[in-house]
Each structure stands twice: as structure tokens, then as C-alpha cells.
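Chain naming follows the written order as A, B, C and D, and within any one chain the residues start at number 1.
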Amino acid sequence: MRKDQSLGEYLRAQGVSRRGFLKFCSATASMMALPPSALAQVAEALENARRPSVIWLSFQECTGCTESLTRSHAPTVESLIFDAISLDYHHTLQAAAGHGAEEARMAAMEENAGEYLLVVDGSIPVDNPAYSTIAGISNLDMLKETAANAFAIVAVGTCAAFGGLPHADPNPTGAVSVSDIITDKPIINVSGCPPIPVVITGVLAHFLTFGSIPELDALGRPVAFFGQNIHDRCYRRPFYERGQYAETFDDEGARKGWCLYKLGCKGPTTYNACATLKWNAGTSFPIQSGHGCIGCSEPDFWDKGGFYNPISAGNWGSRDALLGAAAAGAALGVGSALAARARKKKAQAAEGA
Amino acid sequence: MTLLDFASGPGLQWALWIFMFGVVWRLVGALFLLSRKDLTKPREHNSVAAGLGAVISRSAPAHAFEKRILFQHVTGYVWHFALFISVLFFAPHILFFESVLGFSWPHLPNTIILVTAIVATAVLIALLIRRATHPVQRFISNADDYISIFVVLIPLVTGILAFTHFGGRYETLLGIHVLSVDVMLIWFPFGKLMHAIMTMPARYQAGTAFGRRGVKA
Amino acid sequence: MSSLDAIPVTAEVASGNVKPLLHEVRHALRRLAKGEDGTVIDLQSVPLAPGEAQRIEELLGKGEVRAELDALGPSVVQETSYPGVWLVTHSNTEQAVVGRFIEVTHMPELLKSQQADIEHGISRLEQELEN
Amino acid sequence: MNTEAMSLQDFRALLQKLSAGAPGQDMTDEERVRRAKKGFMQKLNGHRAVDLDSCLQCGMCAEACHFYEATQNEKYAPVYKFRPLRRFYRREMSPLRWFYRPFTRDITVADLKEWQHLIYDACTGCGRCDMICPMGIKISASIRVMRHGLAAAGYVPDEMRVIRNEQRDQNKLFGVGVEQLKALVDKLGAQGVNIPLDREQADVLLFTTAVEVLLFPDTFAATARILNKAGADWTIRSDAFEAANVGIITGDDPTMKLAIRRIVDKAKACSVKTVLIPESGHAYQTIRWEGATEMGGPLPFETLSMPEFIAGEIQAGRLNLNAQSNGASVTYHDPCRLSRKGGVMQQPRDVLAALGLDVRETPANRRENYCCGGGCGEYVLENAADLRQKAFEIKRREFEDTGADAVVTSCANCRINLMIGAENSDWQTPVTSLVETVAASLAD
């Protein structure tokens, strides 16, 4: 796709019929969690959309986010989205390596200054910049440099969005999120470990379609995908209401597909689209497969007292400490009573009675 | 750290420590003041039976008083039962108790809990209004009385809101709910909520004292 | 598939969303009958328990018309046993479902020949005739 | 039998003059507060601590209090009456004293003055509130600690102080001493009632009270006749006949102990098996339920109230009675110190039933009975006369509810108070003594 071509022109040139385009549009609208009634608007916007430049930086990450994206739906409608953007730098995917790769990045930044979209996965170590470098450039420097002229930043995955696993206690690298460093650019947090691929492409589609960033929640996540918690959209919710819970992973309740709250499901406090979009092309999602939600799209999900620790059990420490507190209370109680009795004895002696 | 993380993490931890420490401190400190042994010859009676008898019998007023305290008696029962059911038989609560105590018990369906919680809240508000308006109660009340009502009322209200997802995001409501429980636990040993612990020794000692004189406490 | 079937998980689960969905379809049909606009329901936006999508399909049944089209992968447009209610399933070139809609309309837009395609067709036909 | 006695009017006139003889008290405010606190401290123990820490402030106790019921004055709620004690406990003795201190006001002389009215005038220590408290708090026990502190601070009301001093210093009450008793014994002897005065040894040692000698010599005579009829080996000592204990009434511990010791020592000296307490509720409570503890060890005799003694004698077949068959009805007024504080509730009813009387119960009876309105010596307080009269109206309603021909009780204090109340309100139903009722039916 040439830079001066609109998406409509590009698709037609690819031999895609108008029917095919409409199908693409309705799949895209669905992907962006837009109502079907928005189809005409989407079609018109996409028809005239121009090809944006995208630079993808990977820092302290596991490549799971990229895997999620590239392994799931390709080569399909979503891949067209990727065809429709100019992915100018992605050191895992691009053919170029070494200086060539860095030159591509610099060129894209220069050419599209103020217009390119920066996608980041992975967290940024700030304790020591040498913990993670690319081409000898520390993650921190590369982020600052690349973000400076970006139109907006998409922080893909919980690491980039909130620090993620590297940030987990005791955070040996001093890992931080993109938004901890960049404060003067719009940042879209597409959290999840990994994020639902459709959500990643949905955000890109939104940018492609409307040239703007979608509506965000308090944590910078697109409301369209993160507006509701898993629990509220979970098909097992009726069991919660009726108080029917699986007590173990192999009991009658588990077999009958009852609520997994007691097994530590974090659905009630986790905002993501898993319960509706599901995974693997809409096949299933963790709760459907019988495991509670681990809350991977929420900040610090790794440090919330255990995946199998029910939300309401709290994270209150050890029983021994409680007994210790009771023992200290008993000691103080005895002590205070002894002191009071000594004073009372003195008062009685003074009476001489 | 989110509100919920704080409330159910360090907040809950400190609250439980203070609760345990304070309750034992106050209970031991009061009992250990000791009392002079009663050397009079008792009437024929079983001291333990009399004590335990009073623990039970004081749950209902003596006949002559029934009519005069009917409102308090009925609301007292409804309040405590509704509260206990809501606190002790809601599945998420049981998970908390299980984490502390190491054992659990069956729960009730959530809809029943919702009803009992609403009943408990309504009764507590009625009792609050009565305390503020009844001549005797208004006159004798002090800050503790109102604080104790509020620190119990707020967990109830926030619990209902969190359960119904009404008025905010769930984890925020839950965070406020757990935080209010933290506050309640911290206040518990220092205010009159302590009656929940003191009821037994107080009734027991009345039972033995009256029992040795041949009087049903 | 046989090994998966051996897992003793029964799908007797109900999200409670099937009935409301069908009611929505009913209201949409009423509006259509009165001459108002059609309605499209994105099934991906509705939380459904395993098996419920099939159940909806079964409840709606199959009507007289079934059309298959091949554009960026196969799509199936099936009229249900309730005239005016269509089930549209888009798949990608890998045959994976990428979108599933219930359309309440006289005729799904996608079935009509599109103006742009018609124009493109004219030019192709003219080219053919010129040769 | 009708022995000449002081009239009720004369006795009331005597009471009115009591406070005139009260000695002045010279104590600074600081000293009073200090003494009150020391008094509280001496009596605060684990039981009271548990009580004070259990209170819910529900206010139900007000519904048990005859003074609150009669006046609807919230200040008379029993829970309020021990408020200074709770403040002291929270500041000085509670395990949480370090926490409470900044939030808890210290006791002032103004408080002590205010509570003198609440504790002496507006509380008879009847303990009816003890029976209603859902926490089982013995409110009357805390009231006694309050009295102890107030007494230590010199806040015993004048009338009570006069009789307290009289008992403590002269071993007399209302001017009744050895001579007055001997005169009565002589008079009764002349009427044919044999009273074995001042025997060195006996099985039963009878006590009486100054009030009985003055006002109710018939009761004393009736007691003697019953003892004689039952063939008891008994005596009464002119050097220690007073059963009443103004110490316990006022909250003055040394006087209470002194009065108990006079009785216990005499009983020991006479090697008696039984100490027989006359119709005086608080005297029974003091010897029977506090004596051993106050004296530091078990007592070598049993202590019986008159209803217990009479019921026992009837049961043993030593006392034959002419059961009446005229269908006369009575209602029994339970003296608080005998009933809920003494466990003597069935015996008087058994005795009355043995007399063939139609015993009718007031709506509230036995352990739930309403106080006469002036118990625990409260009837001597002139300031509280109006308050007492209002409380008496409750009793009157209860009595009238039964439709009984007469009210029988077994406590001179209750009887005086009921008689005064009846006189004030021109209520005609006679108020009589259990002992006299029994004596009237002694079979020949």
C-alpha cells in the first residue's frame, strides 16, 4: 500500500470487492466493539483512511504480546489491518537487523514526525539502564527519543501498561510502565498478559479508522474493551448469584461449570473483554475452560496474594502474627490489671479497714 | 496500590492485629482485676449451670418487662440475626473466615444474604433514629454509641452497594467496604462493640451470683 | 475431538442471555413489520455460555433462503425460520469465524450487488466486449 | 394482741426532725473528690469491670426502674446513675485507661452533688434493673459502689448520716437501745408473751430492729409467740439485738462491718445454730449474703429470714396453724432483699397458703416485683418524699389489680413505706406483716 493511497483504493487494487470491503468493515467494527449501526460510518472512514506509520518497541518483555497478535488470526481480516499500516520498526518481526533496523526507525520517525503511532510492549528498567538495551541504547533513552515525536503511544501488555511481571515485588530492575516515564503524550494502555489480540488490532483499527484515540478509562484503557469487568459479563455469573461455587477443581461444582469465585477467580475486580470476545478466535476464555481469572489486565496482578486466594479472603499475613498480637494483648491486660490492683491495695490499706 | 489492595492487604492486617491485641487486652485486663471470693454458704445450686443458664436466659426479657421493651427486644433480635446471617453465611465472607480460622461452613444463596443485609441495615437505621430521639437513649448516649453504630452501618451499606454494583466500580465499592470493615475491627476493642465478647462473662457472672442465692438470673 | 469429548464437563450452563436476546429479536421484527429500519445484533458482544450460540441457532431454525458468498473468505447468510431474521456468519480465509450477526431486515445488505462492484463489472464487461 | 406502739404520724414526725441533728461536715472540694475516687477504687473489682465494660447503653434498665416509670425523667435511668463510676473506671482502672483518659471527663464535686440525689433519693438499690439488663449487668452492685464513694466523700444525706452515726457510735437506732428493748420485753411478758432475754446459750438467736420495737411491737410479739409455739430453744440479746445495718444502706463500709461483727460475735458467743433475722430485708441480705465474706470466713451458724424459718417449722410439723376458711384474699409484696436478692420467694407463699388464704399475685411478682418505693432506708429521706409517693402509685395499681383484701409483706421497711404511701393517698387496704398474719392463726 502506497502512502498516498486510501485504504479503499488499496483494497480495490488488491481485488477485494465492495462486498469484501463491507465484510471487512463489519468485522472491524465488531473488533472495535462498535455497535453494528456504526457500520456505515466505519466504512466511510476506512474508505478514506490513510496509511499510518507504526513503530513498535519491545523492552523488558517476553514477546508474548507479539505472539498473541501474530499467532492468532493471521492471515485474515486483521492482517489487512497490518497491511493497512506501515509497521516501520518491530525488531522481532522486521527483516532488517542491526544498524539497518535502527536506521529504519530513525527514518520513520523523521518522515512521520508528529504523526506516527508508537507501540510499546515490555516495561522499562530504571534502576540501571544497562539491564535492557537495544543496539546499545537503553530502553529508557529509546522510549524518550521515540515518544518525543509520536502522535500517541499504545502500551501493549500489562508490562508496558502497568509494569507487569518485571514490576512484581521485589521489582529487581526497577521496572516501570510507559506512563511512568512519558507524561506529555496520549497513551492507550492495552493491558493483559497477553492482551486479547482482537483488542490490540481493535485499537489499531480505531486509530486507522478515525485517526484518533478511543475513549479511555481511569487506567488509560479503551473503555470499549475494558469498560466492564469479567464478572459482570461472565456466563457463570448466575451461579454466583445463586451461591453455587466450585470448591475444588475436580468437584461436582467444577464439572457443572459453577462459579469459580472460591477458587480465587479475580473476575469481579478485573476489567477486560475476555468474557465476550474470548480467545482463539472466540473459542473460549480461562473461566470457560474451568480456571478462574487471574486478573492479568490489572495493575500488580502478580502481587495480590495468590491466584487461588479468593478476593474476599484478604491478604492479611500470617495466623502466627495474629496469635502474637493476642499474646501481646494478654500481657498488657495482665500488666494493666496488676498495676490497677496494686493501686487499689494501696487505697484499701490507707483506709485501714 | 489500589484502595482494595490496601484495604484487604496492609489495612486488614493492621486491623486484625489491633482487633486481636485490643480484644484480649481489654478482656484479660478486666477479668484479671479479680473479685473477692464469695464466702457465704450458697443455696443448693450448680454454679456452672447457673452461669450458663443466664447466658441463655438473658436472651429474653423476664415476663414482667416484656411489654415495656418490646420494640428493643424485637429489633434487637431481628438486627442480630440479620447481621449474623449476612456476616457469617455470605460465601465471600466465609472465605475470609476460612482464611483466618482454617475451617469453613456452608453458605446461603446470595439473594437471601441481600435480603438479610437490607433488613439489618434498615433495623440499624431505625435503632440509630431511636437513639437520637428516645428521651432516655438520647440522654445517656455518648460518642461511642454513635461511632459504634456508624462503623457497623457503613460496612453494611457499602457491602450492599458492592454486592449490587451500585454507585461505583465494583473494586472501588469493595475497597471501601473492606476499608470500613478495617475501621470497624480497629474500633471494636475500644468501643461498646466489645459487648459481643463481654456478653458471655457478664451474663455468666450474673448467673452464678444470682444462682448461689437461689434466684434465676 | 474424541479425547476432548471424554472430558466430563457438561455444558448445561446458562448465561441467562438467550431469552433476552430472542426478545430483542422479537422487538426488532415488530419494528421491521411497521416499516421501520432493520436491526443488526453483534453476537460477539453478548456473553454466551458454551453451547448457547448453537442453541440460539437451533431455536431460530432454518428458513427458505441460504446464500454463501466468497469475499475475503466465505460468509454464510441464512434466513431463519422466522422470516426477516437472518443469521450472518463471516469466516476468514482460514475458515475461522470472525463475525456473527443476527440481522433483522428484509434482505441483508451484503447480498445485494454493490454499486461499486456493479460499476467495476460494467467496465470489465465493456473491456471483454472490446476485445 | 395489741401492744402500744408509736403511731405512724409520730414516727413520720420523728423522721422529719432527723436531719436537724446532722453534724456539720468540713471537707474541701478536692478532699471530697479524692475520697470519692478512693472509695470507688476500693470497691472496683473484676465483676464490676466486666459489668462496666459490657454496657450497651440500650437504656432498657430505665424500663425496670419504678422512679423512671413514675416520673419519666431520663435522669433516673439506672445506667445514668453509675455514670461517674464508669468515668472513674475508664480513667483509672480500665485496661484501656490510657486510651480512655483523654476522652473521659474527670469527676467533680458538682457531679458528686448531682449524684447524691440520683443515688440516695432516686434509687432504693432494689435491683429490679439487674433483672432486665440483657447483658446481665448487676447495676445495683455498681450503685453500691457509687454509694461507697459518695459516703467516703461525705455525701450521705443528713437523715441517713444521723442514724448511721447513732448506730456506729451508740449502738442505737431512732433512740432505741437496751432500755427500750427491755421495756418492751417486760410489757410483753406482762401480756403473757414469754421472751427468754439474754440467755447465754441457745439454738436460735433472734434479732429485731429499732423500727419493730418502736412501730411494730406486735410483730416482735408475734415472732416470740411463733418461736415459743414451735418449741424453739431461743433467746434475744439486749446487748446485740439490732439487725438493721445503716452501714450497708449508706455505703459506709466500716459501719457495715461493725454492725455485722456485733451480730456475728454475739451469735458465736452464744454458740447458736441459727441466727433468725426479723422482718427486715436488708438485714437478711447483709448477714446471709455478705456476712461470711465480710468476716473473712464461713460463719458457724445458719441465717434464716422469718419466712424461711416459719415455712421450715410448718414443714417439720412443729407449728400447727388454724387454716382460715373465710376466703380472705391477700397479696404478697416481695421485699427486694428477700426475693431477687435473697432467694426467699416461695416460702412466704407457702406459709400464706398454709394459712388457707387466697394468695393473689401482683402482675409483677417474685424476682420481678416492684420495689415498695422507699427501700434500703430511703424512706427516711425527706427530700425524696414526693418521688416516693409517685413510685408508690405504681405499687398501688399493682395491688389494686389483684383485688386482694390485704397486702402482706415480710420487711418492716417495705411496710412503713407502703403504709406512708397509703396514708398519703388515703388508700384503705391494710398493709400487714407475714409474721403477724401467722401468729394470728396459731392453733392452740
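Note that in this section a contact is a pair of C-beta atoms (placed from the backbone, for glycine too) under 8 Å apart; a residue touches a chain by one contact, two chains touch by 3 or more.
In this text, all values refer to a predicted model and were calculated from it rather than measured experimentally.
*Asks:* Which chains share more C-beta contacts than any other pair?
*Replies:* B-D
*Asks:* If every chain is reduced to the average of its C-alpha atoms, which one ends up farthest from chain D?
*Replies:* C
*Asks:* Closest chain to the protein CA centroid?
*Replies:* So the chain sitting closest to the middle is B.
*Asks:* Express in whole angstrom the distance between the two chain centres, defined as the mean CA positions of chain A and chain D.
*Replies:* The answer is 79 Å.
*Asks:* Averaged over CA atoms, how far is the centre of chain C from the centre of chain D? Could you give it in whole Å?
*Replies:* Averaging C-alpha atoms per chain gives centres 94 Å apart.
*Asks:* Report the inter-centroid distance (CA atoms only) between chain A and chain C in whole Å.
*Replies:* 31
*Asks:* In angstrom, rounded to a whole number, how far apart do the mean CA points of chain A and chain B lie?
*Replies:* Inter-chain centre distance comes to 42 Å.
*Asks:* Specify, in ascending order, the residues of chain C that touch 2 or more different other chains.
*Replies:* As it turns out, chain C has no residue touching two or more other chains.
*Asks:* Residues of chain A that contact two or more other chains, please.
*Replies:* 332-333, 336-337, 340
*Asks:* If I count partner chains per residue in chain D, which residues reach a count of at least 2?
*Replies:* 44, 93, 95
*Asks:* Chain contact graph: line, ring, star, complete or other?
*Replies:* Chain contacts: none of line, ring, star or complete; other.
*Asks:* Would you pull the chain A residues touching chain C in the complex into a rising list?
*Replies:* Of all residues in chain A, those touching chain C are 12, 16-20, 22-24, 26-27, 30, 33, 35-37, 39, 73, 75-78, 80, 233-238, 255-257, 275-277, 281-282, 284, 288, 290.
*Asks:* What part of chain A is in contact with chain B in the complex they form?
*Replies:* On the chain A side, the touching residues are 229, 231-232, 240-243, 245, 261-262, 268-269, 299-300, 304-305, 309-317, 319, 321-323, 325-330, 332-334, 336-338, 340-341.
*Asks:* Name, in rising order, each residue of chain A that touches chain D in their complex.
*Replies:* The contact residues of chain A facing chain D are 332-333, 336-337, 340, 343-344, 347-348, 350-351, 353.
*Asks:* Given the complex with chain A, which residues does chain D contribute to the contact?
*Replies:* It is residues 38, 41-42, 44, 92-93, 95, 97, 253-254, 257 of chain D that touch chain A.
*Asks:* Can you list the residues on chain C that touch chain A in the complex?
*Replies:* It comes out as residues 8-17, 40-42, 44-50, 52, 69, 71-73, 75, 90, 92-94, 96-99, 101, 109-110, 114-117, 120.
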